[in-house]
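Presented sequentially are two complexes of chain A, the first with chain B as partner and the second with chain C.
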Partner chain A sequence: MKKTILITAALVAMFTIASQQATAQLSGQQIMEKVYHNPTGDDMQSELTMTLINSRGEERIRQLKQFSKTNDDVEKKIMFFLSPADVRNTSFMNFSYTDGSDDDQWIYLPALRRVRRISSDGKSDYFMGSDFTYDDLGDRHPDEDTHKLIGEEQVNGRATYVVESTSKDPSYMYSKTITWVMKDSFLGLKREFYDRDGKLLKTLLIKSFDQIDGFWTILETEMHNVQRNHRTVMSIKNVQYNTGIRDNQFTERAMTLGL
Partner chain B sequence: METNYQSMQSMTNKNWKIMAIITLTVIAISSVLFTRTLVNNARMETNLDEYMPKDHPAFIYSDQAEEWFNIKDGILIAIQSQEGIYNPVTLQKIKDISNGLIAMPEFDANDVVSLYTADNIIGTEYDLDVTSFYTYVPESEDELRKLRQDVRDNEMIYRRVVSEDETVALIIAGMDSDVFTQEFYHDIMEFAHAYGDDNNVIYVAGRPIVEGTMALLGPADMKRMVPVVLIVIALVLYLLLRSVRAAGFTLIGVFVSTIFAFGLMAALGVPVYSVSTMIPVMLIAIGVAYGIYFFNHLNQFSRNNPVASRIDGIKYTVGILWKPLSMAAFTTMIGFLSLLSSQVLPIKYFGLFTAFGILTAFVLALVFLPAAVLLFGHRNPKTKNDAKNQQSVALNRMTDRLLAGKKKVFIITAVILVLAVGGISRVWINSSFLDNFEKDSDIVLTDAFVNSKFGGTSTLNVILEGDHGDVFKMPETLELIDRMQSETMMLAEVGNSFSLADYLKRMNKVMNADDETYFSIPESREMVAQYLLLYEMSGDPENLNKVVNYYYDRTNVTFQLKGDDSKTIHAALAVIRQFEDKFFEQGVTINYAGSGYKALVFTGLILEGQVMSIAISLILVLIILSIMFRSIKAGLIGAVPITITALISFGVMGLLGIPLSTTTALLSSIAIGIGIDYAIHFLQHYRMNLSGSRSQLQVLYKTMGQTGKAILFNAIVVISGFLVLLFSVFPPNRTLGALVSMNMFTSLIGTLSVMMILIYTTRLFFKTSKAQSREPDNNLS
Partner chain C sequence: MKKSIIIAGMLVITLANSLYAQDDIRLNGYVRHYTGILTGGNMDYSILQNTLNLEISGRRNNTAFVVNPYLYHYFDKDLELGLREAYLDLYFDNFDLRIGRQQIIYGKAEGVFITDVVSPKDMREFLLPDFDEIRMGITAAKLNYYHGSSTFEFVWAPVFTPTKEPEEGSIWRPAMDLPAPATFDMSAKDVPARLENSELFLRFSNLGSKLDLELVGGYFWDDDPGMHLKRHIDTESGQLTGLTLTPEHHRLLMGGGSFSMPVSGFVLRGEAAYYNGKRFQTADPMAADALTEKNYLHYMLGIDYSLAGWTLNGQIIQEYIVDYEEGIRQDEFENTMTFLARKDYLRERLWVSFFSYIGLNNGDALLRPSVSYEFTDGFEILGGANIFLGDEGRFGQFSDNNMVYTKIKFSF
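Right after this comes the complex of A and B.
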């Protein structure tokens, strides 16, 4: 009698553990990997409108045509300014390497007629005076941070995972970031960036997204630097995937040709 | 008259005493209450921005521009190394100081500029590189040599944060004016000086430091000096009144009126401004006078009526004094209340609370002094009769001499006034803070040292606004800015300047392989726009926000000046203003901003308000005296002491080159306060005496003996008290002492000589009394 009770108890215990494992949630690391590996196509082109809004409500609006292509080890991107008129055909090219080595960047100024390489201290530089760093724009490899699932929340009626990510490099410009990841699409819906003192620095909000050609695409985002009350809105339109952009689109010569 | 106060003795002495006790208790309790409010609520306002009128267009504009371009006053920490700053120890210190400042909550990372934090934009044929000058402190000779060369090649850094002789480096930390506190001042000093050693000397300068030191030194010096001033006043008061109690009661009256004025201030939540320190000065000068009038008349009465009771003496004194006293107090109060017309808040408050203090002093003279004398008694000084006679003989002789030599007096006065008016034209307003310190003081020497090595410790911001967007991308507009900068910098006192043009010249040179011939404004609007875009993409865009706005229709040009005095700022403004027309042709208007400019405008406003206040007072006194004495002539004569005091006060400042500042401008208020007081007392007593006598000269003798003596005593007491301030260690307090003494002296002379002679020669009030008496006048010729 005693034995059966013991066995039953053991079985119940085992079953409980097993069932827990069966419904086990994804870990923070797994979620962020899913986000990172969200398919993006081999290449993409679109028109980008970047609006910088300072604390006084002054706006700077820039329109660019951008092309990008992802290979195994490098993501190449080239952008041409459409407006304002006095910077039209200024172009910018960026090679971002998956092995984590520094990006290569070039700029072409039509008034000078010469392509320049830009070398800069690091990825914490802000992109064209915006509130995005190069790092915020590109996909940061999940292995650079440690991730922790800290909860699940409904955001704007969508079920999300809340993941806290801390950089493995203690000198990184953010002490941590918190990301709200949509459960269905594994797209980040919202992200908070905390500065080295642990204070909230920026909030990133995805304002519009859609599935285009089968790829989840973010159409409009707003980054708000709460400390200096500066905003950047980026929106894209005329998005096309996998049009077969050739490699020679991403050359210094291509930069000088303009659109 | 004698029957008058005998009949008044209907109340028993006991009742009077009870009333006196109640009076003293009420005064004591309210003093305690006011003191408590004062202790609990008093708040010193050290932020000079709070002094500026918020609704004045120049300040609204400047404040707005400061916000647009993040214009802040900088604390300058200079580190000097005799063998040159390019050694690992000094470079490490520059790094540590920079990081230490950034870590302080008072500073934003963007507001700290040093060799360590600065961006170095360098270019070669194919590259553009934006880096730090150093992140890790270079150790090897090669690295140090490279760093030195990098700095020399970058005109945006060289001579700005590293001196030309390379022995001094500067760390500039911009801060908001409202975060500066005494504790912070101590903290920053301690922080900076901790980095000093045998080879590295630390200097801390900049406007916030000067303001902070001034806010610290001025009141500290006053705290030391005021007790001495009070002791001297008490002593002299005792010597003149010959009674401890009389001197004591008078001083208590002054003290209580000051407590009331500051207590009310605290109760209403009005902070103590630096000009508020002038309130006690006014109240001492005026309150002492009230006490002297009171005891003079009391003594005179008891001398003439040795057997009369205490209560009789008090009744007589109050009876004779209340009228001139209330007239004088009323007009003086109006004089100070006229300061409400000033645009400067602290000056308004100064006028308001001084008026309240005078009201208190007036009420105390009629209530507290009688009650105190009634309860505690007051020994009449045993002046020997011959001494008394000697005094009056001397006064009479003086009166005679003055009357006999009236022409001389008028001529001398006229000459002095002409000189004074000449001096007034030379009065200059100085808004400098630095000029408040000794020439050999630490702060002045530090400032001079930093000025000798760098562009200047003071700044002037020139704000240009175009009528359409992108105007500051136009090469011709940028050329004009560049020319304005270089022409202004030809002035010896203008050491440096900084604008959007400097960024573009730097970019142009860098993008053309560091070729010096390209150190100029780019030739096309497109090139300007593309350089700016490039800078945004590679440098810190926050830096650009300090010189130009998003629409490129508003830009900020900063000039570094080697002095914060008005002459230096005016000299720079004179050159800059020559460009107004040329800018206007391009649709660009010029405005000015920054703390130095605001101080300049502010001092002008104070002067304007002060002159206005004196003018209003003069007109009011004219009207009031004319009504009181029913004679326009009396009004005109009564205005004489104020006019003389005010003219001489400003004239002497002009002649001696003492600049007008917040405090010195206010000193002419003494002309109002004291001038009105003296004139009314003299005129009133003269008229009163006239009704009992037929001889004009006798009346004059009598008035000189009473009021004249009281005025003389008052002047002696206040002058001797304030002369003590000449030993102050804080120069502005020395000036204060000298000018208060001088104003008291001219008020005295103006009343007792010029006004007295005028009364006599114009036979003021005499017609009516002659008509009444119809008796021949005692002629004096």
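Right after this comes the complex of A and C.
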């Protein structure tokens, strides 16, 4: 019995050392690909609350319901705006392609009664007045950037890789981003965004995450614009994975009929 | 009349309040004050309007309804109570049926009506109101069938609703250049409400990964009447002594389509319609009633772009009368441009906007700068100006109507 325990312990130790060596060899590109390919289920729905906090501490709240579905080569997402009252029934739909080609985006404004395509070049625009740009909210394909592993750090007691990413597009809104990626889950724990002058613009901190239905899920994040000292707290609830959302949830019909 | 409108308005509010207590009923809307001041002359008010707009909606299983009553109060006119929409929805697996008064919007042009011919327009304040207020609801049955990302739509409108024109004496009444005093004969204006006078529309639309496409067709009444003109000539002197104008709506057949597609960071939009049987005013003395029937093309090309946080779009619009003849009052080619620039500041609290129509044939324009500020979510104050340039043309004819205005709006 004692011998069996010793052999098992030795095997576990060997496996641990081997796996540490394997992960230590990961490049910045490989780490960000693992982040990108983190399993997210075939589909997901949740309720999203954004709290916009200005430098005086005043809060404004936006609420949405969102649905997403991933097929072979495209991630489809649709958001329905619930509040404030003047944007209620507005919907936004985004198709993001795994081959890195430009997203397709549409918006439905109830006052205009029609769905219109919007330019995916507006990805540097801020989403609903928050500190998140449309690009921050999307799954940025790792091939759009050059990634460099610049270190490993402990953040809040968690072992992380530190990856610096620089866009291949010289006109991109950030000169670089630095991401702290948790080694155990390949979730980004923290990210810094640098403006085009190379100055720190924003920091994103994951404040709460959990495994739901077996998928790592970010439940609360805070984006802090350090230059203007305002922040946005984004929290999600009622998260459901793999409920069998149908393709017709991501159509003109769904956008116009709303929830 | 005024008393009955007030009672009806109170009933709507009471009904809305009691419905609101039910879980599956939603109540949204806004209260708005709108003041416009003409900047020329004595600084007269062009409008002083208070608005209550309610949207009551509900959904249960595969059914839904929407009722959108509105109340306009003016200082110089009767209280106006109307229904912008009031419809019932039935949802099935692959198709929906919507019955009742509804706004139906076609096309991809901004601020221009090319294939967008289903919902008639309320032109009592020209093109100045918000577009959901310019477009009126029509009573119709709309059947939508869905296949993948495509939609096939059939609309049957059993009764005709014409454009709502500015009242006699309104500053927004289009100028009529007539050589003699005119009287109006309204006997032929109404289209009798009967089955044979129905309007029919078909639409196909598809949202694709690289192209959004819409094809439409319609057999309908021209929302704007043809002005049949009779000249009264003194038999002895041979002088023109008067005119009789008889507005009459005519049937139109229209086919067209629109598209939008991403091109290198831009969105390129286009829209075109071919109208069969449109009436035009003519000075040709041989033309019966001073009207001539021509086919007509109306098309637009536009781009949308984002630059440094600005939303920008520009459109070039051309109208073309096929087989043009000398004497027709409208030019063979009528060219218009539009331009929009919009940007938000203070995290969508402050919006700066500039929209303009530019008439290229007459060198006239309508410039619409505005600034809005949201004090708190859903409470907005907007200030702006409407500047008409030129002396003639669609916009220049209103050059005396330059105005500044403010709108204060509470949305709930």
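The rule is simple: the second predicted complex is superposed on the first by the 228 of 259 C-alpha atoms of A that agree within 3 Å, B and C clash if a C-alpha of one lies under 4 Å from a C-alpha of the other, contacts with A are read in each partner's own complex, and residues count from 1 in each chain.
By definition in this document, a contact is a pair of C-beta atoms (placed from the backbone, for glycine too) under 8 Å apart; a residue touches a chain by one contact, two chains touch by 3 or more.
Note that the coordinates shown come from a computational prediction; the quantities given were computed from them, not determined experimentally.
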Which one hits more chain A residues, chain B or chain C? C
Contacts for A:T251 in the overlay, against chain B (first) and chain C (second): which applies, first, second, both or neither? second
After the superposition on A, what does A:N156 contact: first (chain B), second (chain C), both or neither? neither
Taking the superposition as given, does A:M128 touch the first partner, chain B, the second, chain C, both, or neither? both
Quick check on the superposed pair: does A:R113 touch chain B, chain C, both, or neither? Answer first, second, both or neither. second
One more residue to check, A:D102. First (chain B), second (chain C), both or neither? second
Mind working out whether A:S208 is in touch with chain B, chain C, both or neither, as first, second, both or neither? neither
Of the partners chain B and chain C, which touch A:R56 in the superposed model: first, second, both, neither? first
Touch check for A:N229: first (chain B), second (chain C), both, or neither? neither
After the superposition on A, what does A:F92 contact: first (chain B), second (chain C), both or neither? first
Common interface residues of chain A with chain B and chain C? 52, 54, 60, 84, 86, 111-112, 115-121, 125-126, 128-129
In their shared complex, chain A is touched by residues of chain C numbered 28, 30, 89, 91, 96, 103-105, 107-108, 130-132, 135, 144, 146, 148-149, 151, 205, 207, 209-210, 212, 260-262, 265-267, 304-306, 309, 311, 344, 347-349, 376-378, 380, 409, 411-412
So in the complex, which bits of chain B are touching chain A? 67-68, 123, 126-132, 470, 473, 511, 522, 524-531, 533-534, 536-538, 540-542, 544-545, 549-551
In the complex, chain A touches chain C at residues 52, 54, 60-61, 74, 83-86, 88-89, 95, 97, 102, 104, 106, 111-122, 124-126, 128-130, 230, 247-248, 251-253, 257
Once bound in the complex, which stretches of chain A touch chain B? 52, 54, 56, 58-60, 81, 84, 86-87, 90, 92, 107, 109-112, 115-121, 125-129, 228
